[in-house]
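As structure tokens, here come the structures.
Below, chain A partners chain B and then partners chain C, in two separate complexes.
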Partner chain A sequence: MDDKLTLTINGISVRGKKGQTVLEVCRENSIKVPTLCFHPKMPPYGGCRLCIVEIQNMRGLPPSCTTPATDGMNISTHTDRLFKIRRTVLELLLAYGDHNCLMCEKNSECELQNLVYEHGIDTVRYKTNFVPKPLDDSSSMIVRDPNKCVLCGRCVRGCLSVQVNGVIDIAARGSDSFITTFNGGLLNDSNCAFCGECVASCPTGALTQKQSRFKGRPWELKKVQTTCTYCGVGCQLELNVKDNEVVKVTTDPELGGPNQGSLCVKGRFGNDFINHPDRLKVPLVKKNGHLQESTWDEALKIVADKMGSIKKTSGPDSLAFFSSARTTNEENYLVSKFARAVIGTNNVDHCARL
Partner chain B sequence: MEPAIRIQPGKDRQVLVCRGTGCESQKAKVIFDNLEKELEKAGLSGSVETKYTGCHGFCQQGPTIMVMPAGTFYCNVTPDDVAEIVQTDLKGGQPVERLLFLDPKTKDRVLTFRDMRYFNPQRRIVLRNCGFINPEDIEDYIAVGGYDGAKKALSMTQQQVIDNMKASGLRGRGGAGFPTGMKWEFANRSVADQKYIICNADEGDPGAFMDRAVLEGDPHSVLEGLIIGGYAIGATKSYIYVRAEYPMAYERAIIAIDQAKKKGYLGKNIFGSSHDFEIKVKLGAGAFVCGEETALIASIEGKRGMPMPRPPFPAVKGVFGKPTNINNVETLANIPVVMTKGGEWFASVGTEKSKGTKVFALAGKITYSGLVEVPMGTPLREIIEEVGGGILNKRKFKAAQTGGPSGGCIPAAHFDVPMDYENLTQLGAIMGSGGLIVTDETTCMVDMAKFFLTFTQKESCGKCVPCRLGTKKMLEILTDVTKGKATLEDLDQLVALAEDVKNGSLCGLGQTAPNPVLSTVRYFRDEYEAHILKKECPARVCVRLIKFQVNPDKCKKCGQCASACPVEAITWKKKEAALIDSEKCIKCRSCILACRYNSID
Partner chain C sequence: MTNSIEELENSDVILLTGSNTREMHPVISSFIKRGVVSGKTKLIVADPRRIDLVDFAEIWLRQKPGSDVAWLNGLMHVIIKEGLYAKKYVEERTEDFEALKKAVSTYTPERVEEISGIPAADIIAAARLYAAAPAAAIAYAMGITQHINGTDAVKSVANLSMLCGNIGIESGGVNPLRGQNNVQGACDMGALPNVLTAYQSVTLPEVREKFAKYWGVSSLPEKPGLTIVETIDAAAKGQIKGLFIVGENPMISDPDLHHVEEGLRKLDFLVVQDIFLTETAKLADVVLPAACFAEKEGTFSNTERRVQRVRKAVDAPGEAKADWEIMGEIASRMGYKNMKYASAEAIFDEMAKVTPSYAGMTYARLDDGGLQWPCPTADHPGTKFLHKEKFVRGKGKFHAIEWIPPAEPTDSEYPLILITGRVLYQYHTGTMTRRSEGLNGCAPECFVEINPVDAQKLGIANGEMVKVSSRRGNLTAKAVVGEMTDVGAIFIPFHYFEAAANNLTIAALDPQAKIPEYKVCAVKVEKTK
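And now, the complex of A and B:
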């Protein structure tokens, strides 16, 4: 069956595929429709009302993120009417929040900031009696600032649909709505696994990584792609480096790899060992009852000599080899090979079995 | 109107005690128990049947008792009055004069409900059984022709049932007025291994209570509507989504389902056919937005009640992802009649495009408030002046607000408008669920708009920005207007923002929330401007803008204000204008409400 669609967007004939939303067709055809609550990894939401479009013979202003594309649709994405509503939406968000980019970690990476700029908003028409709420600073990894939250629900969907944790949800109604943990407690007291999916999903500065706060502005950071060393999955991540120091770890679905833009608590937040003063950089050898800095040649020679003598005096099965999840599959293979072929024992195990 | 009733064989009279929520709150149960005791004492138990019923709509006069078949209607009955009714009426054959309905216009006592101006002009299809049958006894419903429509439907093809529904022209009574037959056809065309039909009983508009009255007074008519609809679309499972604030409706729905199951009207092979049908009752958790179809579906699925944009429509992808048809209680209560009497008969009632009747919940500054059912197209004037008995206290009609917080107002200039979907929409109001709030010159239209917006602002689910924050900002501006702190620029901003909220919101709640503001600005802009420019509230409702001074030129020196004042702040002597002591005055407005001559500024 032919699953190709032909649509008209802003007077131009474009192609789409059956099953795509209007937004997906627009993006594939390089038509930029503003979005805030949309995230490609998550089920569409239709809440921010920025991606609304006009579709001929369709009532109202449907959001392009949830509207299925059908053959022959005639769509307008940038009319004065749409611009007016989008602008109102953005101004309302600014009026009922604390959006001071000077003091925001997300400055220059903020989707709200970009949208406000793109819509040419230089003043906010609405004067309001916005009362700021307290921050949740309880965890050592994530800072939650409800005053920068636009209630797009991306953190909630990231937690529930992507990570399948369901730690946070929206509570209360209307303008009182807020993101909460179960029973409304602090994030640190919740059953959060601190995977940071919510932080990565947040379009504004409402959720930021604590360790990297004030350590470097986005434009100062150099992103270096690497593979996570914590386990053998091979997650692709980006080390955000400033002045030769890793400030934070991020990732991107574009990097490929098995993690598709997600990370676990270790990969995302467990990077402070890199520049830690206690970190071992050279092998230590115990001399006269004390560990002393040594060289690889010396250390490896001691290990080789001792293994050889043990094998000779007590037999190969008196030795056992224990490997780590932090090494690669190839390295684990080599440990096994070394144990069986060089030493001659089957005493091989791995920390992941514990 | 002459209702069908069922009197036990061997008994010649029947006493109906209303036990709807309103009357029940006024000790209707004690009244009923006393009645049985008194009848026993008087030796009348053998000839007089007692029965409790649901609400017939005239809650203002409750608790009420009706003696059938005579139709004698007693109002404001207390448990102590029962002995007198038994002795004087049922034994002595004389009506208890003092408990009969007092017509406030003619000042006459009215003997039967048939003679009451409130009931007389009504045409009851939806409320046909409310107040006349025992809602907890399926036999009562069967005796008045109940379930005949379902039996008839099951003997027809699905398409025939849909065609009959299309011929009736019945449109959804939940508010939007979408043709029910067409809705069924869409759901029927959807192919799936499971389909659902849902009864939307999440009635939430302030002031509207017709759905509650139907579920409390005639629950089987709703079940029958669901059975017929379920058969037509091919659904074997059904939910009644009833709000938690309606405990009695919930209980009676459960009792009705239980009885229908025992009769074989629900379950496997209903009425001996090959069709299976089951109904479950789902209790809402108190969110107004769950009356919106997609939010209701989310709520049934156990999720937070938030709407989803359409398409996909529920008829394609509804509850648990299956094709789902949702009908309102009032719509469903019409359906058995449409089946038994036929679509053509139903279409003979009402106007060209709006068929059948509509139940309105009359409230506000009106003589008789309560539920009234009239043919579609009945002029507003007739509903207010005939059925509703006119405006209270000889004041002047100002406007009627229809459709509750989603609707708009109809000003006096359109007093003769025939009430149907098209006319109301054209005037910027809507039919909605049928709330009809009558206002007079003592109602401030800005304050009324503020009242409804306060409601919608609180009930917004918070999902989409225009509704969540737009209504909040609108309410802030309206509050400023009522305090005399707003400017004309603010009014312009209010209207502009209202338009954006209306066009930009996700669901019906946000899309209609600005209607009360837009329609009051459209018809009563002068009142807004008086608040803004003159710092005056012409209706003297907005307390911040009232001087609380007696205007000696208007004062008729009657002293009503002085007797109404709860803090003795008003001094008055015969033949002298009253004087308000501003030191003592607590600005409660009692004097303003008491003064018939609008002489307090």
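And now, the complex of A and C:
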């Protein structure tokens, strides 16, 4: 059965597939429709009203993210009328919040900031009775700033549909709406598992990582993709580096790998050990019963001499090696090679059983 | 894993056992939960603890610790008796079915109820649910393996999966969830006493010859070496005199810590190479500072056999060096010249040449999402799931397995079963996580989970400090009174050096895998004065 669709978008004929939404067809054909509440990992929501389009023979301005594409549709995505409405929506979002980019961690990678700029907004025409709400910084990992929230619901759907934890939801109606935990308590007192899916999903500075606050602005950070060092899932993540220090961990479904852009609390918030002052920095050698700072030359000479003499006097099988499930494949291969080829023993194992 | 993580979202049934997945593999648990809430997957949980995923389960089997072989045999008994097994698959793709049939014939639901405490009706319901699924996956972790009959339990899992035709199909399979980032890779690389890379046995002359030639030595040792726990024993007896430990902390992770310390102290020479001064490093004669994962290049192999790149983001602190650089320098000083490498990539390329399942991999190929072994040639796309159409060994072999009880039964002096394990916010011996502000803040101290019935009997209130003792040692920690553990059992996480659960555990080993029985030993709990 043919599942191909032909649609006209902004006067140009494009192809789509049955089951796609209008927004998905637009994206596949490189037509950029503004969105805030849309997230490719989550079910469509139709909440922000920025992705509205005009469709011939259809009433009103349907949101493209929840409108199924059908054959022969004639769609306009960027008319003057749509532009003005989107501008109004954005101005209202600004009026109902406290969006000061100078004091925001997300400055330069905020989707709201980008949209406001793209729509040429330099003044907000609306006065509202917006009352600033208190921050929730109860957790040592996640800061929630309701004043920067645009109620797109991405955090809620990330928590419910992606991680299936369902710790947060939108409460109240209309302009009183806010994101809340069960019973309205602090995040730290909720059953949040701190996976940070909500932080990664947030388009604005409403949800940010606490440990990385003021440690580096987005454009100062170098992102290095690597594999998480904790459990055996092998999540792909980005170490965000400034001045030779890992200040933050981010991820992205585009990175590939088994985690599809998700992480757990350890992968996202557990990397501060890297720069911990307790890290070993020089070799240590036991002298008079105490470990003392030494040099590589001295330490390696002792190791080579001592292992050589034990091998000579007691035989290779009087030496043993514990390799590590924490180190790389290359290093495990070398420990095995070292034990077998250099020493001549099969006494090599690691903590697979523990 | 025979299959891939993403396939778990599409299984018709998942039998999850001995894995507290939401805490130990949170990202995998999301795949399972999404399958359940979408209506696609029915989940069976078999676990002595009331883990979070029980909330998502169709059936929860709460077995007594150490009874896994019995209830698995019980499921197979029902499936065979009711004719629910995959007859064509069993006939065409497996062997020794009759031996299995005979072995499980005595494991009636009633007898299994007696051994495991699982109601007979639940055994029957779970068996029917599992057998009816077009694609049923079994996922398990250390709850299955850390027993004196851990190997038998894994074979029983494989028996059940084959019996219903679930090996070699998408979203089915036998899926051990590996606990550490590169435990799969460390095994693949031959950091094991009996095999070289890709499980090539040291006892085979042609294997030893191949590696000896490649490594430029006249011969390689043929006698399988000692495992970790055996090494500690041999050290205590004075047979092992020198020990080189790379990135391990047996002073917290190994069973019966007094015995471990005795063994390590008796050594003539102990080298520890690590990123922190661990409890083990404190006993060393020489401590070598290593680079951590963020400070070097390399690869890790995940639980679904996917080999992925590790990339350097920052410089190592002070004079710390990558483990591969250190090993190369020591080898050179000992007169061995074939361990000088310009880069981690050069090591990988050498390894791939002697490792059939990795032979088709290069760093360039790994850049785009990694590759799952086996990947034998440069144009092979990698392997999403194993044993498609044909088992690697030809026919899938059923094993006739009898249940045996745990090594240390409870008695009047030590009346409770201790289960050890992990918590979400800590990792293994806590070397890294206890130095992470956010993580340690969420789980800063050890605890003892105890059922309200036992707590009341002992006069223990929630939050009170209790002393837990076994025949080998004791610890003091806070009681958490609740329904997580069943009457007669307690749970303690092993991450905490100041209240180390492995002071209590028994070094009884599975005779084949040499894995210690961390999930069952006998203890008593007392109020602290």
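Convention: the second predicted complex is superposed on the first by the 279 of 354 C-alpha atoms of A that agree within 3 Å, B and C clash if a C-alpha of one lies under 4 Å from a C-alpha of the other, contacts with A are read in each partner's own complex, and residues count from 1 in each chain.
Quick note on the criterion: contacts are C-beta pairs under 8 Å (C-beta built on N, C-alpha and C of every residue); 3 or more make two chains touch, one makes a residue touch a chain.
From a predicted model like this one, the values you see are computed outputs, not experimental measurements.
**Q** Let me test your reading of the model: by the given contact rule, A:140 touches which partner, first (chain B), second (chain C), both or neither?
**A** Second partner only.
**Q** Once the structures are superposed on A, label A:113 by its partner contacts, choosing first (chain B), second (chain C), both or neither.
**A** neither
**Q** Pick one for A:46: touches chain B only (first), chain C only (second), both, or neither.
**A** first
**Q** Determine, under the contact definition given at the top, whether A:317 touches first (chain B), second (chain C), both, or neither.
**A** After superposing on A, A:317 lies in contact with chain C but is clear of chain B.
**Q** Spot which of chain B and chain C makes contact with more residues of chain A, would you?
**A** Between chain B and chain C, the winner on chain A residue contacts is C.
**Q** Using the touch definition from the top, say if A:128 reaches chain B (first), chain C (second), both or neither.
**A** A:128: touches chain B, not chain C.
**Q** Looking at the overlay, does A:172 come into contact with chain B only (first), chain C only (second), both, or neither?
**A** Once the two structures are laid over each other on A, A:172 reaches chain B alone.
**Q** For A:259, decide between first (touching chain B), second (touching chain C), both and neither.
**A** In the superposed model, A:259 contacts chain C only, not chain B.
**Q** Can you tell me which positions in chain B touch chain A when the two form their complex?
**A** Chain B reaches chain A through residues 287, 289, 304, 306, 308-309, 311-312, 457-473, 476, 493, 497, 500, 503-506, 511.
**Q** Residue numbers of chain A touching chain B in their complex, please.
**A** Spelled out, the residues of chain A in touch with chain B are 45-49, 52, 60-63, 66-68, 81, 84-85, 88-89, 92-93, 95-96, 125-126, 128-129, 150-151, 153, 169-170, 172-177.
**Q** Which chain A residues qualify as touching chain C in the complex?
**A** Per the stated touch rule, the residues are 139-141, 161-164, 193-195, 210-211, 222, 224-236, 239, 241, 244-246, 256-260, 262-267, 269-276, 278-286, 291, 294, 296, 299-304, 306-308, 310, 314, 316-342, 344-354.
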